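Presented sequentially are two complexes of chain A, the first with chain B as partner and the second with chain C.
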Partner chain A sequence: MTATTASPRSANAVTPRRARGSGSSQHSGIRESAVSRTIAMAVMVVATLYFLTPIWWLFVASSKTRADFTTTAPLWFADFALFENIAALFDYRNAVFLRWLANSALYAGIGALIATIIAAMAGYAIAKYTFRGRETLFNVILGGVLVPATALALPLFLLFSQVGATNTIWAVFLPSLVSPFGVYLSRIYAAASVPDEIIEAARIDGAGEVRTFFTVATRLMAPALVTIFLFQFVAIWNNFFLPLIMLRDESLFPVTLGLYVWNTQVSQIPDIRALVIIGSLLSIIPLILTFLGLQRFWQSGLANGGLK
Partner chain B sequence: MTDTAVRKSRGIRHRGALAVFLVPFGALFALFYVIPIGYAVYQSLLVVERDGTFGPAVQVFGGLTQYIAVFENEAFWSSIGRVLLFGVVQVPIMLGVALILALLLDSPLVRGSKFFRLAFFAPYAVPSVIAAIMWGFLYSPNLSPFTGVTQTVDFLSAESVLWSIANVVTWVYVGYNMLIIYSALLAIPSEIYEAARLDGASQFRIAWSIKIPLVVPALVLTGIFSIIGTLQLLAEPQVFQSFSSAVTSTFTPNLTIYSTASIPNISLAAAMSVVLALATFVLSFTVLKLTQRRTAA
Partner chain C sequence: MAISTVARVGAMAALTALALTACSTGGSEAPGAAGGDCAPSDGPVTLTFTSWLPGVEEAVAIWNEENPDIQVEVQTGPNGNGGTYQNFFNQLEAGNAPDLGQIEFDAMPNFRVQDGLENIAACEGILEAEDQFVPWTWSQVTFGEEDAVYAIPQDTGPMAMFYRADLFEAAGIPVPTTWEEYQAAAAQIREQGGYINNFSQSDINAFAGLVWQAGGEWFANDGEQWEVNLTGEETTRVAEYWQGLIDEDLVAVYPPWTDEWNAAYNSSEIWTWVSAVWGANTIASGAPDTAGNWAVAPMPQWEAGESAAGNWGGSTTAVLKGSDHPYEAAQFALWLNTDADALTAMNKTANIYPATIEGADLPVFGEGVEFYGGQKIYEVFAEAGNNVDPDFTWGPTMTQVYNDVADGFSGAVSGSGTLLEALQSGQSSTIDALKAAAIPVKE
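== the complex of A and B ==
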């Protein structure tokens, strides 16, 4: 017993975090009964099945021919026709689905990029400069975090219809450039990770304030910036109400709205059901890949800034 | 004192840079947050009047007429009641599951926690519309992979469809909430557990007496965001209208607003939006204050 308690302690001295993770399990294994381990792992496996089965089903269903879809086992492959199905989806009505994917990539990709830069500048300024009305400004922006996107959709529609700009790209693109959460996270992260000394040193070297931000501060704030980008990307990609009430012209639709409209037509055009399923799969792959690829950044960004 | 004086002068010295940093966000925030809200409030104070039955429609100031209409609108209030019922059941279940999974991931009982973390988070990458379409198929009596279940239990009936939608929302957001709670658990220094471990406390005991009290702020945060999300429920029920006739055009407050706006009765819809936004704000603010008082005491 003495030996088992001593070793996690010494490990703690070096890396306190890892010692509590899987690294210490062989030590505490003696203390934790096999029963509680088994129960814990069983819960994990059941939860994994719950979370992944629908996505697995979507993948399997997308790979089937129309005949196999209803006649073969739903959770396992039959004739693998995924690429034929994708080709059929892309062919349908002059590649309108590709157009929707491109629109989503534009709204979410460019929109989140600009939103991140704008929010980072504002958050950095609030963290690093003292000016009159600073706290008031921050509190107003913080109030913006509590205003959900759906609550703004109707007011935005009223405003855009005043200037005759509904049913344009701008009606969906421009509102998604605002990320109050991004300002909040940037402020907290900049305050914690950009030391005043570095800004002073850059000043002594003769660098301008704006240049210092773009060359020095953004590098130090990188995890927060990736987090802001990702969550804004997801928010725009998932946004449904705003395009729903703004857009009439099908060629401007993002992929979520396009698939929604198709899904409402399934009862009249049964063949479209297969396209909805394949389209759904294709619309989530970019997001899952982005999250997997950038996980190191957003996980630390969430841990450091999300909770203060 | 000197420090603030220096800082103040610095702020004035860098006025140009401050403008570069603050004006883009400030302008967009004003244009697409503040002004629309203000305009919605203005619009909600108007009423449409006509000269005779066929005269041209003119918008005139109507005071609180639209708000009186909102308070007399039964469909609107029953949709609010429906999402409140939804929230009272779904939010605690979702956060409870998220908390349990986060605690298990943080405990030494589970191997391969990195894989499980990503597996649980994956549904967050699925847009609500797509998640609802997918589950719509899974609930279907004929197309579901679990027809044995879906042919005996009708997930799309008037009684159960609200809870079928609750499952979709839970499926998407458990992983996200779990990750926020898990991040809070990681931030607890491990020395705090050491004494309890040496005293022979079980993992369950450590979780209950040490970890959970320390992640209460994270639970409050996720709770508030969940309340906001619940009151704003829209995409999932909108999609479910294709699967179930039980989902009416006034099923949730936002659906009511959407169908009112498309009548079109813009002023009434604007008044509903304002009432809903205020209700959301009051509710999340109350939760925040209540939990702060409890943790302070």
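== the complex of A and C ==
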């Protein structure tokens, strides 16, 4: 997903500079050859095709009837049955798929929101307050960035087992609230974009520390916060291994796990394959919408974070 | 990670148990001996049951209705090798395993060796239930131990040959009854531009079914140590037979379960599939244009006049170690897999083919199937089920065996190495894997 949206964007970022370059070339004599530009374009077209073809295939496959699916060309439409397929999906097992979508929205939406707030507070605190062990704490958190979430799933399962909380919403929700990368980004961003003078001024005006954070600091840190939210949203939405290990109750599954479970039943019920395909298509739509809606912030946030 | 720890501790315990069951003198693992403790619990109980069988809730609902004091709660997940087995092991380690779990026949030894199963032989009616099941399935859940039953067989996958009756007839090729005739037919079909079959490079358990039919055995356990024999006489014979078909381009080698594989059947390029009973739905779904043209015959034989069959797939309902209510769990498992209504419900939602002898007589199996030209195909499979060799033993690390051999097989179909070489390397990697898990193995 990241790569899909990143490549067209970098194309945009590059093109204006090139345009400006060639515009001034009449004076300076610097000119990029048509050859290199064509090659660059060709590479990007290939990359775009590479990333979009599977999505195209998914869309076309989702629109086919069960019989057409195996018998017609994979990359072009046959009888258009997209809406019948969606209806069949929603009809299957009392609309359990909608339940999964709602679960994913809950885990990813609320989870990412709270994760962002926690990360912002932690990052801000580390950036702006001086206390013993500050650097040690930060380094430990930074170390957390390097530990893949998958490696933590099993220890988390054993921990949750001890308190009898496996197979509950909390088993997936609570671990989603932690974002070491978010803390890291918040710290860097807070240090760069929230001047000490503003905090001083807020204190002199009588604002408490919490109020200063929520009314002053968060606004200055907004681009970073959107970035953290997006990263965390995508991470939770795509998180598969933790729910796989934690959840047994079908009504708690996120959409990724639910589709995977269906896919393993194909040898028993071959027809379920069609539902997996249409379900996969529907399951990526929220991600695409979130990206399209927030990518402007995301772009500037990343750029700022990187530059400063 | 969790597995290897459990394995190390469990392997020794289980193997000791395997050796000593006959003179089991109790200890903490008491319910093994006849007259051991498998008593009903006081008051109402709730059991948890993890199964990936689609729609198993419907069968469970019938039980819950009839047994208000023993309520069963269904939990689900991906199929066994897709994650549920690993989950069971994690849960056994954490002490919160479900009371009951679905476990396929080929994974049973793994759970036995890691001491993940309750012996329910002492529970009421369990030992007596043996007569209700197809013989080979019962030996799979007892491991040949005395006074031991570790699960109740649920469904099976007796194998037969699906074939295109119309194409064979039009070409004037007799339907093969031996593997020799099958090879001759393959050459004739190839001349017409088709393939007789597709060699399934990644379905190692299907290949095991072919070996099973030929009388081969991959594993043996004498109560003290395991013996691995992936390269025995019968296995070699089967491997060389199929290698010959591959070398002469008489079988297709599409990756199974893909679109191109379905398309090859749908376009009449491939004429037969030697597969299990549940494959009936796979073809019907993947090759809709060929409806009405298929038929089912027994597997081709190694010796003319024999009627040996293999088995591919099937599972059990096991009571997992640590269940607080083994009595009730055992009663439920027995009911689920013998009650006509339950079996009918599971057949309806998940196409299962029951492991009981009477299950083959359910009304749904007595009907002709339109896709197969109205043939009563389940009669062939019922016959096949009775002809499956009961002595075949699965090993304790089948997931690893499947993966390792599949690597070699996919090389072999693309021309690097042979099936036999893949099995040879699987043989040594399996011995290594058993050693790594501290499971005693004969060199």
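The rule is simple: the second predicted complex is superposed on the first by the 275 of 308 C-alpha atoms of A that agree within 3 Å, B and C clash if a C-alpha of one lies under 4 Å from a C-alpha of the other, contacts with A are read in each partner's own complex, and residues count from 1 in each chain.
The working rule: contacts are C-beta pairs under 8 Å (C-beta built on N, C-alpha and C of every residue); 3 or more make two chains touch, one makes a residue touch a chain.
Remember, predicted model here, so these are calculated numbers, not experimental data.
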Partner chain(s) touched by A:Gly144 [first = chain B, second = chain C, both, neither]: first
Contacts of A:Thr130 with chain B and chain C, given as first, second, both or neither: first
First, second, both or neither for A:Phe229, with chain B first and chain C second: neither
Which of chain B and chain C A:Leu158 touches, first, second, both or neither: both
Touching partner for A:Pro175 - first (chain B), second (chain C), both, neither: first
Touched partner set for A:Asp271, first chain B, second chain C, both or neither: second
First, second, both or neither for A:Phe291, with chain B first and chain C second: first
Residues of chain A touched, compared between chain B and chain C (which is higher): B
First (chain B), second (chain C), both or neither touched by A:Tyr189: neither
Touched partner set for A:Glu250, first chain B, second chain C, both or neither: second
Chain C-contacting residues of chain A that also contact chain B: 70, 74, 154, 157-158, 162, 244-245, 260, 263-264, 266-267
Chain A residues touching chain B - in the complex, by the definition given at the top: 5, 9, 12, 16-17, 19-22, 24-25, 28-29, 31-32, 36-37, 40-41, 43-44, 47-48, 50-52, 54-55, 57-58, 61, 70, 74-75, 118-119, 121-122, 124-125, 129-132, 137, 141, 144, 146-148, 150-152, 154-159, 162, 174-175, 177-178, 180, 183, 208-210, 213, 234, 237-238, 240-241, 244-245, 256-257, 259-260, 263-264, 266-267, 276-277, 280, 283-284, 287-288, 290-292, 295, 299, 302-303, 306-307
Chain A to chain C touching residues, read off their complex: 66-67, 69-71, 74, 93, 154, 157-158, 161-162, 164, 166-167, 244-245, 248-250, 260-261, 263-273
In the complex, chain B residues that touch chain A: 4, 7-8, 10-11, 14, 16-18, 20-22, 24-26, 28-29, 31-33, 35-37, 39-40, 43, 97, 100-101, 104, 106-113, 116, 118-131, 133-138, 142-145, 171, 174-175, 179-180, 183-184, 186-187, 189-191, 193-194, 197-198, 200, 202-204, 217-218, 221, 224, 228-229, 232, 234-235, 238-239, 241-242, 254, 257-258, 261, 266, 269-270, 273, 276-277, 280-281, 284
Residue ranges of chain C in contact with chain A within the complex: 1-2, 48, 50, 52-55, 75-79, 82-83, 86-87, 90-91, 93-96, 98, 257, 259, 262-263, 266, 278, 281-282, 284-289, 350-352
